[in-house]
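Shared chain: chain A. Partners: chain B in the first complex, chain C in the second.
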Partner chain A sequence: MSPRRNPWIGVVLWLALALPPVRHALEATMTLQMLVQIPLLAFAGWCMAAFMPRRWIDAAAAWNRSGISGFVLASLAAIVWMLPRMLDAALDAPSVEITKFVSVPLLIGAPLKISWPRAGFVVRGVFLVEVIAMAIRLGWLYLVSPVRLCSNYLLSDQQQLGRIMLGIGAAICLLLAWKLVWGRIDVDAARDR
Partner chain B sequence: MSVLRTLLASLLFLAAGAATLAGATDGFRAFTSETARRIDVREHPRALPPVPLQTADGRTTSFASLRGRWLLVEFIYTRCMTYCSVQGSEFAKLQDRLARPIADGRALLLSVSFDPAHDTPAQLAAYQHRSGDRGKGWLAVRPTNAPDLATLKRVFGVIAVPDGLGGYVHNAAIAVVDPRGRLVAITDWDAPGEAEQYVLHGPAQ
Partner chain C sequence: MASLTMYPDDERLAGGTRTAFNLYIITAVALFVLMMLVGLTMRMAQAKWLDVPPDLFYELLSMHGAGMVGTMALVTTAVMWFFLRKYVRLHLWAFVANYVLFLLGALCIIVSIFVGGYGALWTFLYPLPVHGVGMWTGDWSALFLVGYLLIGVGSLLFYLDAAAAIIKVHGNLGRALGLQWLFGGTIDQNHPKAVVASTMVIIANSLGILAGAVVLVMSLINIFYPQVVLNALVAKNLIYWFGHMYINATIYMGVIAVYELLPRYTGKPYPISRPFLWSWAVSTVFVVIVFPHHLLMDFAQPRWLAIVGQVVSWGAGFPVFLVTAYGALTNIYHSNIRWTMPSRLMILSMFGWAAGIVPAILDGTIRINSVMHNTQWVPGHFHFYILLGVLAMALALMFHEIGSRANAPPNSGTDRLGFPVYLVGGLIFVFGFLDGGRVSVPRRMAEHLQAWTFTDKIGSVGAILVVLAMLYFAIRIIVGLLKPPSPSPGVAGVGTTNAAG
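Up next, the complex of A and B:
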């Protein structure tokens, strides 16, 4: 059974990420928290979205044409968890840490899972272009900022994160370009309604 | 219909998202925890804990007994080769610039070690000497146990991260404590003029 079909994989992943040693290891550097822990939490939510009853998803669909509402929700939640202040606060305040473990799966992972199949190429494209822009903007900021943006992390760590984010932005950009030139493009998603 | 509903749902999410972001950044003012700490201290002065502090000459003092004058407080560790050595010489310069208020008993400079296990009174005295201590108006102190250190770090918002080379990277700053014994501002460690203004003219209105 593929991970996308089995919501229990999300539960196991979420529990594993919540184990204190795993949590501390993945929060030891800014790079790990932002590019491994938070994306894995979102992925856990993506898997767990399959627990939602079919009826709810159908009811929500009327409010989520082409997956746009879901992308808006996920983008806004992602912006909040990209604030340097929040990365710091997750380490310093248990309440913020709990909020992160609940909101990232629920407000980023699950909406993306529900919305992605509804989105056609244009909506997906707009979303991906914004992901690319965000990765490059933040990457550049982290790379050139002479001050530490997180009190809990070292400057060298911040600069490494900057370089990796520039790389991620460039990689998604190349993938999108490859898809535009050689890929098959469905202007409307199969299940769009 | 689903277009309008989607628009409505998206607008609701946008409004909720904007409100959340505003809340998480103190009204789009603080995107880093350091800025947030400074805004919070300025808007909500903090009472200081009555923990005992051991001075470089082995005596004991506390924020309560230092009340009645402006305190400029820095957190340091004496093994530091980078920031703190400069912090020390900036404090020595401040001793000159604030000579008058210091002589009048209206101001005092205070260096607090966040590495008390290593920073014995002798180490604190050596740190002051290395930095060019002018001999008046500057105390170097350390908390006497781990819970007190934790309390001080929490109240002042001091975060020290091991740098992997046996030292620390920390959010160095000059904390300003008013004569009533309240933490009222946190200013840049490398721009002592700002902290100096508090002593000379009181808080900017």
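Up next, the complex of A and C:
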């Protein structure tokens, strides 16, 4: 059952992530919080975007040409949740934790879901190149940072996250290169609207 | 297969496309003259004919390097766009966006250098930008790097638009490169060489720009948060991955002009072949991994990476160059080619490319590199292939295009005088560098010992001739482009090529 057909998958996922045992498990390490919990929250938002009434999306379309505004909104929100200080604060302050559980689905997942079909090849390309570059930059930063960036996590955890992010950046890059050179790409499917 | 019609209808520029193309070319030739004057000033300062303070020298060197690389990329992008748009549907907005972002980036670079005093050269090697020792502050270095980011984003937008257009026609970039014909099958003779070359550039240079996007932002972070100390060797690898790829891509964009125009001047078809496709496929991989040859003197560089740099250096330039030069020579052979400015410049570009890569291949050899790399041998190499190779390719298109106004390629008496001045001046200029390298004159030095000044003076004389020729070319091209286009569609065939402009 695809998330498109059943946005309740997003609701179930969001509720599951909010369960204390799951939440504590996924926040036990910096790597899990950043690379599992936050992406899953964004995915929940992606699924739940289908709840949004069509007329709301249509009304916003004039401000979301080619999905650019949606990508910018998602990027700005993602920048906040890339900051180690925010990862720390989410553990220390319930208000920040609630903000995370609301803002990541609402400001990252849902805008991406709404904007992706509107984006043309160029907009998607710029976004993906920046995703790769940002994964490598953050990975590098976490690796070379001389101090622990989160008081709740160990330096070794931070460095492990750095290595994994470098790997993720390289993997996405290779995957995209493979797809572009040998894959089947329908450029018109990504039509500017 | 490329058209044999001298000025085919599908190349005609009108309205917005004409304005955009003219803006690219006029900006480029004006910048070339200015940057050449900057280069001449530095050469004359080294020859002790001019008194240039060292801090100003390094500002000029930074401006010359960044300016020439950027302008060469700008003008060869125009070459790629001019021909590629015949085969795939490019969007004018992407071409214009690249131009606007280039101008904004150039503005940042100019201000950072001449207002802020930035002098850490175009390669912004970490950690030099943050060590201005009172000459400049980190803020000005940051502005310089932001300028690069803007230029890189512009290039990326253009490449993504071109990639989308190519994929729409050919399915994917592999098929556009002709990979399906490498091991067999009948090659479609209508598969455009412009598409093959453009695809290679899109793949290789996008990866280079990605490397640049990483290292530029990391350098910015280091400027504002010095506690984050970067691994200098990793940063240097990424800088040269980006920098080498960016300037190297210009020749692969520029050569499209030769593929498209040469058959029109020889009147002979220039068929696509399996060796041609193999050479571009191999070069697509090699140009991406050749950059370690810039780090052969870095003792900390892993040995295997240095070996990759050497081996790939020997192979990277050869496949495409050999196939192109051989193809061009066979195309000229028994062709009754008409010697006008575009055809002269195209043949010059083949020579400039051929001769210009020889010093690079030598320098790409570890044993030779350890002696020659910090000498003027290296500027001798890159000035050779850029001045007499890449720029000649771009000039060929410019002269060809201004000929469209009269439906005849330009070949005036002044053109015939300007060409040898450019050629002879260029050769004197580059051999000044190469001979300087031979006698171990170091490069990138503001102050030269008296014993080094002989080759500096020779180089300066050559540079004066080049500047004079380029000044003439620039005026000729700008005036030519601003003339109203020919009222009738270009129906002039091969037979009209002997008409002097």
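Going forward, the second predicted complex is superposed on the first by the 184 of 193 C-alpha atoms of A that agree within 3 Å, B and C clash if a C-alpha of one lies under 4 Å from a C-alpha of the other, contacts with A are read in each partner's own complex, and residues count from 1 in each chain.
Following the convention adopted for this analysis, a contact is a pair of C-beta atoms (placed from the backbone, for glycine too) under 8 Å apart; a residue touches a chain by one contact, two chains touch by 3 or more.
Since this is a predicted model, take the numbers as computed values, not measurements.
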item	value
Fit or clash between chain C and chain B when superposed on chain A	fit
Contacts of A:C173 with chain B and chain C, given as first, second, both or neither	second
Touching partner for A:A25 - first (chain B), second (chain C), both, neither	neither
Which of chain B and chain C A:A93 touches, first, second, both or neither	neither
Which of chain B and chain C A:N64 touches, first, second, both or neither	first
Vertex chain A, arms to chain B and chain C (CA centres, degrees, nearest 10)	100
Contacts of A:V12 with chain B and chain C, given as first, second, both or neither	neither
Contacts of A:L141 with chain B and chain C, given as first, second, both or neither	second
First (chain B), second (chain C), both or neither touched by A:R184	second
Contacts of A:I79 with chain B and chain C, given as first, second, both or neither	first
Touched partner set for A:V126, first chain B, second chain C, both or neither	second
Minimum Cα separation, chain C to chain B, after superposition on A (Å)	10
Contact residues of chain A, present in both the chain B and the chain C interface	none
Interface residues, chain B side, partner chain A - complex	1-3, 5-6, 8-10, 13-14, 16-17, 20-21, 24-25, 30-36, 159, 161, 163-164, 169, 171
Sites on chain C touched by chain A in the complex	94, 153, 156-157, 160-161, 163-164, 167-168, 171-174, 177, 179, 203, 206-207, 209-210, 213-214, 217-218, 221, 227-231, 234
Touch list for chain A against partner chain B, complex	61-66, 68-69, 72-73, 76-77, 79-80, 83-86, 88-89, 92, 148-155, 193
Interfacial residue positions of chain A with respect to chain C in the complex	120-122, 125-126, 129-130, 132-133, 136-137, 140-141, 144-147, 173, 177, 180-185, 187-188
